[in-house]
């Protein structure tokens, strides 16, 4: 465990929008890559006009590519469902898009956004992700975790939305700076402090999650299902 | 993961009373032992006169010894706190007894009874076990799981007691018969069906927990904390 | 209570898809019918092309008819909303379809799928079912229960989806074999063990739910509302 | 159901202190008695000097006797454990005292105070009551409900204490005035409005609980376990 | 606090349908207005043909205008999204409509319907309201509360829907009659007792919520977020 | 609200052990004091030999006195119940000790440790504190909040212990350095990073809690009860 190789094997990180995967699991991705594991990222949505400017979308996707390169992501899948409109897409379509990625990657481990996040795209991605990981398929993931997303997870309603209370911690002490660097690639998404989506908030979160388990920096998750 | 060695390493199973460790984790113990891991059991309480007959206590302890031999337990610790009276023992004493075992065994993994069980001895063992595993010590367990105990876990009050909703499953397909055999050693504790503490109920539970994750038999746990 | 007639009177079982009513409440239906109560089943959805093959749909409906005959269902209502697409149907339409059945049957007892099930059709059926049972109508059901569905209820996310923790148990000792027989009618829906939707898993569930309340076999429910 | 005889049969109401049984279930007791059922009350504690004045204790017990006569209670058991000190009594003693009453009465239905109440005596009575109702005994209760106690249930901590969210309602329209009269017997326990333990608050509660299920007055409960 | 001015400042009350704002917060509105604060109401939906008769809609809106005059509401915003069809409107549209009101009013305090209400319009209004109050905007509300709505909040599923367990109470002793008068304006929405949406039920609720905190009448809320 | 005086008035902070009040509410105390409010601290326990060395106890109390001076605490009450043994003290004694302080201080606001903390002294202090604040007394607190304690709150069991999910935030931007200075006074209690009870962890927590509500630093609380 700590100090040893992490036992995730092939890993798929599902992000509703580009940058969620870095906010929630960037250090874990970097650690896995550094330990020789193949890590894949699926970005579920893409901004579409007129709500989103095409140039902005292109820029963010370029930032993501750069961030993923920094982290050591092996391959990024762009599912291109409409951002901020996932609720208007049939469930079966979202389920199907995620199922296809899961079948293609055959991951042992899947990381999902958290079902209690304020943004509907996050909640729907979680649920469809879980459908895509159902254990009645020939190959299915053996470890499913939900990550937290600064500027979404903490802005829902305490006690009446599902609460993110982490029970799974990944030591990212040796990978925090890589995570910070990857996040810096997302200059279009970063905000100035004291915004939650700022570098100091992200660093504070890693310090706090780490302190809970006596390491310098950690990422924290809620376990959905682990089959040993 | 499934089909491979399980990643628990040195493991300590804490049982409020003899047989809880078999009911909740017997298959997991057998699997770990068969994979070469050292598994330790700590039995927290012992029946004391006049509530309990000395001969009965001796008999149950002999049954436990036999069951542990069947499972491949490396060593059993008897903490000898008074059974059904754990609530009358100072918290600090229970904490201390468990802390001493944890320090002696230095386990990577600790299995505890569930905090929502109806029996107060189970609830207090869980809480003291968690104190003994606090992550500010030099060595502390990296994986803590709570197991279910037929005839305790299901008899508490739904929705207003903490609910056992398993998120961690151990495939015991190849070790179910060893678990059943170990439970048969506890002839003083077994009951006739349809009692929950009967062999058919125990087998049904393994089938059901297995089916949830597409294996023939499993034991199910609630994750308390995992540090990777 | 146990050993006596069950007090459900006219009963309506609402199933998102054919076979859910048998998985969750087949033994209860058989018991009620054997005690002379009228039991009605409403199947909410129907597979539609191109997602579902018409011949398969026809076959499953024929299986349902046979299973209902085995159980002693008095009448089956086919609401024919589109399967796996209930989220794309206006809420008011689903509410209305269920309200019409409730008004027609005037049940004293209604059994619904569970709100925490992984399949969106189950969750939406629960919510619309509850709307159809609101107590401000001239006649409204006095007992509402939610049943569990193997291969849906256990595959959602522990602790962050609503948990099925049963508090209401129906003794089906004398009706388990009828339930099993009814399920065998659904050869298109059954799977081989260790799949959750297999006969051994269904039998294990009945054994376990029974053991919790000291009977040979039981079905378990979560109480939504009981007016005595 | 409503308008018909209620299906509780022999019923035992367990009260930590005299008046809790009337606050929480007085109307239900009156209804059951009027329908010919035998209703028993067990009062768990008794005030002991020096904390409580002996004359006050005697007076309250006389009030209880009068209130029980008004309601039609068949027999009252005084367990005489020390009030406001139940936490200092061994669990096994409280369990044993309740077990003895359950064995003597052989009730089909047991009503307990709520596990989330602020007063420790209430919480401990609930837990020991549940132990005394475990389903592995030859005779055990088939219906267990928890009642609410004005001036205890609402004063605990929202969301972090177990919440009283009623799912079981008893129509007491024809018995509300009997309940109010019984409560008036407890002149030593009643308070002036706007105190929760005042007659107007008690009447408002009955109105509100009734309105939820479309009757003039009701008492509301949380279901712990029902075996049908 | 009690007996002094309430510290809400500019306040926006968001109601899915006309009358929800009075049922849940009418006394608070009256108190704020009487203390010189500006209170705004946003009515999210409007009945549309053919589901709703145009004359009925006009009548209800006239009733709302009268009720708001009674309470001292400064301005009412009609968002005119389709009633009972909010689930068919894109999330982004509902978010946008509420965001525009929040930006226009710049409230310090926002009152929302409760996320656990049975009516989907209530749940969606809550969620979109929370999006509109996200704390990353230049001006954002510092106090967000959820109110209860008789005939919606209590008709959802106990323990598996989010529970309304109030932790924030506003003393409306001096404003209860104004609230009752405002509700009387809604003659098209009022029902006869024992319906929950009747004047006696509303008065009983105020008495009960008041008794919990030792005042003659109160309105109760669940705190979503308070920034001091 | 933010940028204005905070509305707590006379405030009592209850700490199980010295330093909890600084870890959880030091910045809030400093802010209140700077705004001219009277803030009182009650330290519930004191280490007693042989478990605790007398010199250590004296030293910690001196540190507390210094820290309170830094924060501007008006008066500190030492209740001197035995540390780590609160579970062995009768409930009524703990209740009584806290009741006496509440009656003496007559606070408008009370801050308590969190009921879900791992340390039994914290949980018992919360419960007894709530008893001491019951609203049926002549004077009772109108605002009750629970604070978080690094090295206790995060070490309990996720989802099966009560979760600390903050809904009340106090801006301590201008008082963070005072809080840090006060904590530095507790050199006997501070630990080196990455321990949770270290200065960097405490600073990270303030940053993170602040970011959630768009300020540079905050302390976060769970609301127990607010009466406006």
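Assorted remarks:
Residue numbering begins at 1 within each chain, and the chains themselves are lettered A, B, C, D, E and F in the order written.
In this section, a residue touches a chain if its C-beta (ideal position, glycine included) is under 8 Å from a C-beta of that chain, and two chains touch if they have at least 3 such contacts.
Small disclaimer: the values here were computed from a predicted structure and weren't measured.
Superposing the C-alpha atoms of chain B onto those of chain D requires a rotation of 120 degrees, given to the nearest 5.
For B-C, the equivalent interface among the listed pairs C-E, A-F or E-F is A-F, as over half of the contact pairs agree by residue number.
With each centre defined as the average position of its C-alpha atoms, the distance from chain A to chain E rounds to 36 Å.
Centre-to-centre separation between chain C and chain F, using Cα means, comes to 50 Å.
Chain contacts: chain F has residues 135-136, 155, 158-159, 163, 167, 195-196, 212, 214-215, 222, 224-225 touching two or more partner chains.
For chain A in complex with chain B, the touching residues are 1-2, 6-9, 108, 135-136, 140, 142-143, 167-171, 212-215, 218, 223-228. Chain C contributes residues 150, 154-155, 158-159, 163, 165-167, 193-196, 198, 200-201, 203-205, 207-208, 210-212, 214-216, 222 to its touches with chain B in the complex.
Across the complex, chain D meets chain F through its residues 51, 84-85, 87-88, 118-120, 151, 155-161, 191, 195-197. On the side of chain B, the complex with chain F involves touching residues 90-92, 114-116, 126-127, 130-131, 134-136, 146, 162-163, 222, 224-225.
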